[in-house]
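What follows is a set of structures to go through.
Okay, so chain A shows up in both of these, paired with chain B first and chain C after.
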Partner chain A sequence: MAPERITGRSLLYYLFLSLPLFAFFSSIFIGPFHINPVQLVDLMASKILGYATDYPDVYSTVIFQVRLPRLLLGMMVGASLSVSGAAFQGIFRNPLVSPYILGLSSGAAFGAALSLAFLPGVSIQYAAFFFSLLAVALTYFMATTNRSTPIVSLVLAGVIVSAVFDSLLAVIQIAVSERALQSIVFWIMGSLGTASWSKIYGAFPLFALGCTVMLLLRWRLNVLALGDEEARSVGLNPEKYKIIFIVSASLAASSAVAVAGIIGLVGLVVPHMLRMIFGPDHRTLIPLSLTFGASFLIVVDDFARAGLGFEVPVGVITTLVGAPLFAYLLRTTRSGGWE
Partner chain B sequence: MKSSTYFLLAVAFCLLLAVPASYANETVLIEDDLGRSINIGSPSERVVFTMENALKTYYAVGDPDNVVALKDDKWMRRLMEDVFPVVDPNFEDKILINITGDQLGLESLAKVDPDLVVLWASSPDDPNILAINDTLKVPVFAIYVTSLDDVYRQVDTMGIISGNTDRASEVKEIMEGYVELTTNVTDQIQESDRPGVFWMWTDIYGTAGVDSGINDLIDMAGGNNVMKLAEEEAQNLEHPVINQETLIKLNPDVIYMWYNEDLDPEDIINGEDFQGLRDINAVKNRRVYEISNPYLFDAFSPRMPLALLHVARDLHPDKFQDVDMNQTIDQYNVDIWGVHYPSMVKA
Partner chain C sequence: MNPGVITEGISLSYNSRLVLGDVSLQLRKGAIVTLLGPNGCGKTTLLKIINGLLRPDSGKVYVDGYDVSRMGQTDMARLMGHVPQTQRSSFPFTALDIVLTGRMPHISALSQPGPRDLEKARQAMDMVGASHLSSRPYTQISGGERQLVMIARALAQEPSFLLLDEPTSYLDFKNQHQVLKMISRIARDQKVTVVMTLHDPNHALMFSDELVLLRKLTEKECGDEQKFKGESNCNHQNVVAAGRPAEVMTPENIFEAYGIEVEFINVRKRLILLPL
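Coming up: the complex of A and B.
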């Protein structure tokens, strides 16, 4: 919930909430194909208001078929990973947790590699999505004993499931041709370079479902973050809400990984940055993770798609940009914002 | 000693001198594709090949009995349906060297007791080169083909390795003759008539930089690699990966796809995921082509002239109307390997 008095921090809160608008409207003007900003605004207005323009068709294609889907997909992926990361960190009460803690990324990478190497008829997106959820399910069931799922067991089960899928991935990498290997490696690095409307349509329902549930139930994360005993003492069923949050966060993160590959650090660093600035309250942390995560990824992707003459996997840049920013905040805040 | 004995000895000595270089077994110093100098026997009599395009070159030039082992690679195994088993009757019985990832099995290599290992490497510090040098002390010839000149050089090299330099010269002449079938036509094409070509590797937006063998192939086929118009930092990479928007900006007249199991030209032209490309010339004019057979039209082997002709015919169909492709392919295979194609009957 937003702070009630208008203070410097509350202004900052609203600024961060509105960041996606600024990020979107600055990024739409950036790209290797030069379009005059005035013409670009006119073209967008013509699309919304329904009047005709006489610009070359290619302008419309670049804006509405290439740049717009990429920006929207980037926002969706950034938001999914950040919100899932914030939720997982809350559930696990552990600052080192990312959306990939339960084996999701290893499962997705294995699924994608399987599709690229041996199942050309099966969509990479669907294979990655299926195996990412399978990995999370395996982790959960492996960690559950006597209807209880201790956090430590979940983390350890996640490590084991990740290791199994990593080994299976290695087996595929050994068996495939050089070209297929190159495609697998590029997919694993994460990229928004193949964004399209069909990918957005495919991923949006699960992204929306997962994020909506986490937004609506976000205050319960504050209780879960206190520990199972404390949660029970205030009448909250920790097992039930753990499952709800794990399923929601996994759905959102899997839909993101399936369309963009494994983009590192966003889900770990963005919630931390926000926690350092705004504190650990999940009522503010979850909506801010949504907006800041979306903005962070598309701004970073601006460099990936237009900074050099060639495409740089965005996962590489999120790490290069995120790590120093994170290090700076870490040195200037107490306990990384957890207190 | 009688004068007749002196005479016979003199004749024998002259005959010995007259033995062609290709039959003499001597140690020669050669330079591999990475510029490393290595001493090899010429001919080398127990050669291990771990890559198929160098093997293709060797089979065009040398004695197949000197090939003792091959890499156990299913990609390479698929070529067994090709000319190899016809050229080399013992091909299917060759010993296989096991491989884990990119690492050759040293024990299985030691078992075949090679006098030369031919492998692909892009650096002198390649782990396979270092491991073989350190353990087996066997000379390793590194292949690294980045231009069409390298393909010709490979023919010369295989001539030295097989001790059959005369045949290597002959093969080069044949290749040059077939290349001229194309370049005699394409050299006459004006700059303005050369279509801009985007070469699409299997990673879709990965392409051929201006410093690559494919760039040479496009030039010789009468096209212009559109990467010449790209940002400098991208064009100088051997395999730059660009994005959709950059491709729209480059606006190629032709998209040429390397063989892709997952994608057809029709997907690029009408596919839902490629709607962003609909305004580029290549898509508007339906000029998206694909290398239909990656083995037959391999640009980095002696079959390079066929790949060149394949591309040139697609870029300039009007100028190659009279070329009977099937007949050319058959005759080329006969000239280089002595095998008809596609019947695989020995000529």
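Coming up: the complex of A and C.
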């Protein structure tokens, strides 16, 4: 629902909702191979309508096999991490929480490393996906006592589970060859450089499922954010909704991490920036996290792939951009602490 | 007698300490009922049990004829609104967004609040005289204003029963009085039954139709659960007296509940309680 009172603000709301279009159409022209808008439209139309063009094959390859999958994957990953970050912040009642708080990233890193080092038959994506969800599940069950899951227990359990998977990862890193170690380190940094249509097809269903659930139930995050007892007294079962949101946010974030590695701080910074502009109402925050997150990541990735003349993993850039921003927000917003 | 809230032999232990022992009450529908007693007497706990937030170890609660333990959460939230004592704030939601969460029991599974819900939330803010706070962030308003917002949130549920846990804590002298006056006005205008806990016996005297005076169970009575269970006819009841304020508030009853001597003075046809 759009903010209704101030028209300037609702204008800004629709602008932010349409950001992915702008980001997409400016990013698709960025890169060493030059393509102009007329050529792009012509190529797109020929692909869709199935007529032949006299452009060399390289045009089609650059657009359809390199840039398009990379942009689409980037948008999907940015959206997943941002929406699940916003949802996690809502259920934790804390704006300084990321989708990785329950051990998801440590589990994914361990899974990817396991596949890279010892299980060449198991795909990296599947291993990362499986272990990221395993880590979240372990955290959840560790934190649950007497059918209730206090937030503080979840945070503590998340720290423990993350530490365990980090240690197991270290064991793998010590045991493997230098070559495998290099791949592990590179995977952990997070990159969109290996984007492909198969990765998009693989990650899309769970991304779509997780994000749809969070979009549909987003107002209930407002109810949940007031506290367990306050939620229960208006008839919302906090434990049930905690599970629903943790599962859908983790599915979306895990599918993102599985295809792109650990891209840091997007899930934390994007919702936070939006909250500063539009306020904390999840009815606006969740849809905007989807669109702004998608746009943010592909724009940052533009710098990662074309800004320095050589490819830098986008996870490195998001962290380098995100950390100062985060420090600034931490020091200027009053709502930084625990409830 | 038209019983609105009935408790039958409610007992609850916490960390093997008996907090509530065999509490049986009948609270009249349409009345303003105050639960009064010293710290630790279990009045907040009793309120939470009535609202279904806590389950008693034994005993039953009936609200408006319904067995609370068999009610679904949505039905319960339509019947009873609860204003908690603690005022948590995390995100700077606007006061109106907070009040709107009170519409939860009226909103179907996958939908969001609509224009009608917004209207109801605005009406609820109007009822407590907090319309001017609508767009203010909850984190930036005073404790008294937050109390009003939380009461409006409970009213947005359109409940028949309003349960308030110490609505006057965090408030100054003037605001305490105004909030209590507002609660009695709402009780009358909206035909809502009010059950609240209060600290100040004089407030209880002034604003209640019915009063329940509770006492804290002593170590001897409740320290050892096993002993309590074995000894079936020991006195482990919290309720000192219940009924009309003037009948409940006697120096003897006050002494039993609080352990202090008091005296009543009559000023302008109002009973004032003074500690000696």
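We adopt the following convention: the second predicted complex is superposed on the first by the 315 of 339 C-alpha atoms of A that agree within 3 Å, B and C clash if a C-alpha of one lies under 4 Å from a C-alpha of the other, contacts with A are read in each partner's own complex, and residues count from 1 in each chain.
Criterion: contacts are C-beta pairs under 8 Å (C-beta built on N, C-alpha and C of every residue); 3 or more make two chains touch, one makes a residue touch a chain.
These figures come from a predicted structure and were not determined experimentally.
Partners chain B and chain C, brought together by superposition on chain A, fit side by side with no clash.
When the two structures are aligned on the shared chain, A:Asn94 is found in touch with chain C, with no touch to chain B. In the superposed model, A:Thr319 lies in contact with neither chain B nor chain C. In the superposition on chain A, A:Ser46 makes contact with neither chain B nor chain C. Judged by the touch definition given at the top, the superposed model places A:Arg275 against chain C, while chain B stays out of reach. Residue contacts after overlaying the shared chain place A:Arg283 against chain C, while chain B stays out of touching range. Within the superposed three-chain model, A:Ser198 lies in touch with chain B and out of touch with chain C [touch as defined at top].
When the two complexes are laid over each other on chain A, the CA centres of chain B and chain C sit 140 degrees apart as seen from the CA centre of chain A, to the nearest 10. In the superposition on chain A, contact is made by A:Glu229 with chain C only, not with chain B.
Minimum C-alpha separation, chain B to chain C, in the superposed model: 39 Å. Chain A contributes residues 31-34, 56-58, 61-62, 65-67, 120, 173-175, 177, 179-180, 182-183, 186, 193-194, 196-199, 305-306, 308-311 to its touches with chain B in the complex. Across the interface of their complex, chain C is touched by residues 1, 5, 90, 93-95, 216-220, 222-223, 225-227, 229-237, 275, 279-281, 283, 334-335, 339 of chain A. Partner chain A is touched in their complex by these residues of chain B: 74-75, 100-101, 201-206, 230-235, 237, 240-246, 248-249, 261-262, 272-276, 278-280. The touching residues of chain C, when paired with chain A in their complex, are 51, 53, 73-78, 80-82, 84, 86, 88-94, 97-98, 100-102, 104-105, 107, 110, 112-113, 135, 137, 139, 153-154, 157.
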